[in-house]
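Below: a set of structures, written as structure tokens.
The following pair of complexes shares a single chain, chain A, combined with chain B in the former and chain C in the latter.
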Partner chain A sequence: MRESTIMKIHYGTALAAVALVAVHILMRLTMGYAESLEYENVLANYKFVPYAIMLELILVLLAVHGFNGLRVILLELKQGRLYEKAVSYGCLVAMIGLIAYGSRTIIMTNMGMV
Partner chain B sequence: MPNDEHREGIGGMINPRRYGIERVAYLLMRLSGLGLLAYFIGHIYETSNILRGQVGWDDFMELISGTEGHIVMSIVIAMCVFHTVNGVRVMLGHGGVGVGKPARPDYPYDPASQNYRHKIGIYSAIVLAAVAMMYGLAVMFGE
Partner chain C sequence: MAQVSSISNEQSPTAKSVTLKISRYNPEHDESSQFMEFPVKYDQLSTFLEAILDVKKHFDHSVAVRYSCRQATCGSCGMIINGKPRLACFTKISELDSNVITVEPMNNFPVIRDLAVKFEKLFDTHQKIKPYLIRDDTELVSDEKEFLQTPEEVEQYIQFANCIKCGLCNSACPTMATDSSFVGPQALAQAYRYVADSRDKGKDSRLKIIDDSHGIWRCHFAGSCSQVCPKGVDPAMGIQLLRGYMLGFRS
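And now, the complex of A and B:
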């Protein structure tokens, strides 16, 4: 994929994540901060399907943005055909791993497998 | 002499003494990005504790709800706000907003893009990050 396209994805995921993370944080302020983190309230959040979908979107957006950012930093430090391939594929694998692990929590909690 | 010996590597990348506030913003953007990625990975692991049931969740909450946990969270808030505001500035700059008009390069060759508009953006990002950090501390320690 062209770097210009990757940067457009980087900026797009950033803007979308800012909006969704703002909602995610505001949910912590709908009641007391500590109260919002109590087990029953967190469980209720996960079981509310629109909120679970929003969490999944945040997970994907931030994982793509975060690991692409890490890739950019590592490519600024050092260049080389093999190194660049290793960094790019390494970040891609880490991103997929994190999305899979986070999705597991969201899906299992939403489906009541706790 | 191989070209590699001329490179400054990480030392050159993180040196904040050259190029003014823009270099500081460059450094803070990368540090806050790495910090936020580390927090994000930790947050994904932390929230997976809900699968251990109420006991597992409460144990973990106890671990992160102390003074140290609140201080770490306030630093995360500051990094998040700085990264967001400075990121918007960078995006606007890449889109050609606020970088000045093309002109003949005359001595002392001040870069048109490093102008007061972007400097205000960088200082605003730092101030907003500090304010958000204070607000976060007030909310967390106010409980």
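And now, the complex of A and C:
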């Protein structure tokens, strides 16, 4: 993938994540902040499908943005063909791994398996 | 740190004195650089290049320095003077208002010896972005007219055409300090210079060259390059405008 395409995704995910995280924080304020983080209330959030979809979107956006940011930092720290390939593929695998693990948590909780 | 005793030389009676701490380093047999101190007399208009040539003439002729035009046109005498990249021929000693002044080779360039650095990478990256007009026709053929431009079209790129390839911007760039493969502000500013030129038709090929994992996207917009340019070029702005082309905000 061309670097400009990757960076467009990087900027796009940042903007979208800011918007969705803002919604996520505002949702905490619909009741007392400490109360909203109580076990039952958190489970209720996961079981509400539109909210679970939003959490999934936040997970994907932050994982894509974060791991690409990490890739950029690591590429600037050191150079070398093998190193750069390892960093790029390593970040991609880590990103997929994190999304898979987070999605598993969201899906299992949504389906009442927790 | 070595110190050389002062000698009297042919300066005006109003001359003041300053201590130049010049970095001495020969990569062939030195492990690290060392400063040597030279007391130099100067007057209001003396430049650092004149002071260094004075040191070569009176104290140590082996101090290595690259220079040519002495008028900020050739871009040969870039060095770090009191911590900032400057042209030695374009910087007056009096303007720094300091009694001890350090002179070091430019950062982010391999040192040949003392104050002389290798420019190969600078010229390679400059060449890589195709620093010439790309188009199929030519104004050299007799039945063709010259490529006319309006003043507004010239305004788009003219400041970037003032680049003298001195490398001060690359020396000041914080990204170049860690990313040895980064194309650098000089080449990126020159890429913009040709992309923004209405006579040029090579925009796509140039944008493709800088759209690399060590290309334009690695600029963090620190702006150091623009602060040190002796010719008033603003590479940081050029890079942002170039990004506008790549993100589709400019065409």
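Some points to look at:
Just so we're on the same page, the second predicted complex is superposed on the first by the 114 of 114 C-alpha atoms of A that agree within 3 Å, B and C clash if a C-alpha of one lies under 4 Å from a C-alpha of the other, contacts with A are read in each partner's own complex, and residues count from 1 in each chain.
Definition applied: a contact is a pair of C-beta atoms (placed from the backbone, for glycine too) under 8 Å apart; a residue touches a chain by one contact, two chains touch by 3 or more.
This is a predicted model, so every value here is computed, not measured.
Counting the residues of chain A that each partner touches, chain B and chain C differ, and the larger count belongs to B.
Of the two partner chains, chain C is the only one touched by A:Glu3; chain B is not.
In the superposition on chain A, A:Val42 makes contact with chain B only, while chain C stays out of contact range. Once the two complexes are overlaid on the shared chain, A:Leu75 sits against chain C while remaining clear of chain B.
In the superposition on chain A, contact of A:Gly66 is made with chain B only, not with chain C. Residue contacts after overlaying the shared chain place A:Thr30 against neither chain B nor chain C. In the superposition on chain A, A:Glu84 makes contact with chain C only, not with chain B.
In the superposition on chain A, A:Gly102 makes contact with chain B only, while chain C stays out of contact range.
Comparing the two complexes, residues 7, 11, 76-77 of chain A contact chain B in one case and chain C in the other. If you check the complex, the residues on chain A that touch chain C are 2-4, 7-8, 11, 72, 75-77, 79, 84.
Interface residues of chain C facing chain A in the complex, by the touch rule stated above, are 175, 178-182, 211-215, 217-218, 246-247.
Of all residues in chain B, only 9-10, 13, 30, 33-34, 36-37, 40-41, 44-45, 47-48, 50-51, 53-54, 57-58, 61, 65, 80, 84, 87, 91, 94, 139-140, 143 touch chain A in the complex they form.
The touching residues of chain A, when paired with chain B in their complex, are 7, 11, 14-15, 18, 21, 29, 32-34, 37, 39, 42-43, 46, 59, 62-63, 66-67, 69-70, 73, 76-77, 98, 101-102, 104-105, 108-109, 113-114.
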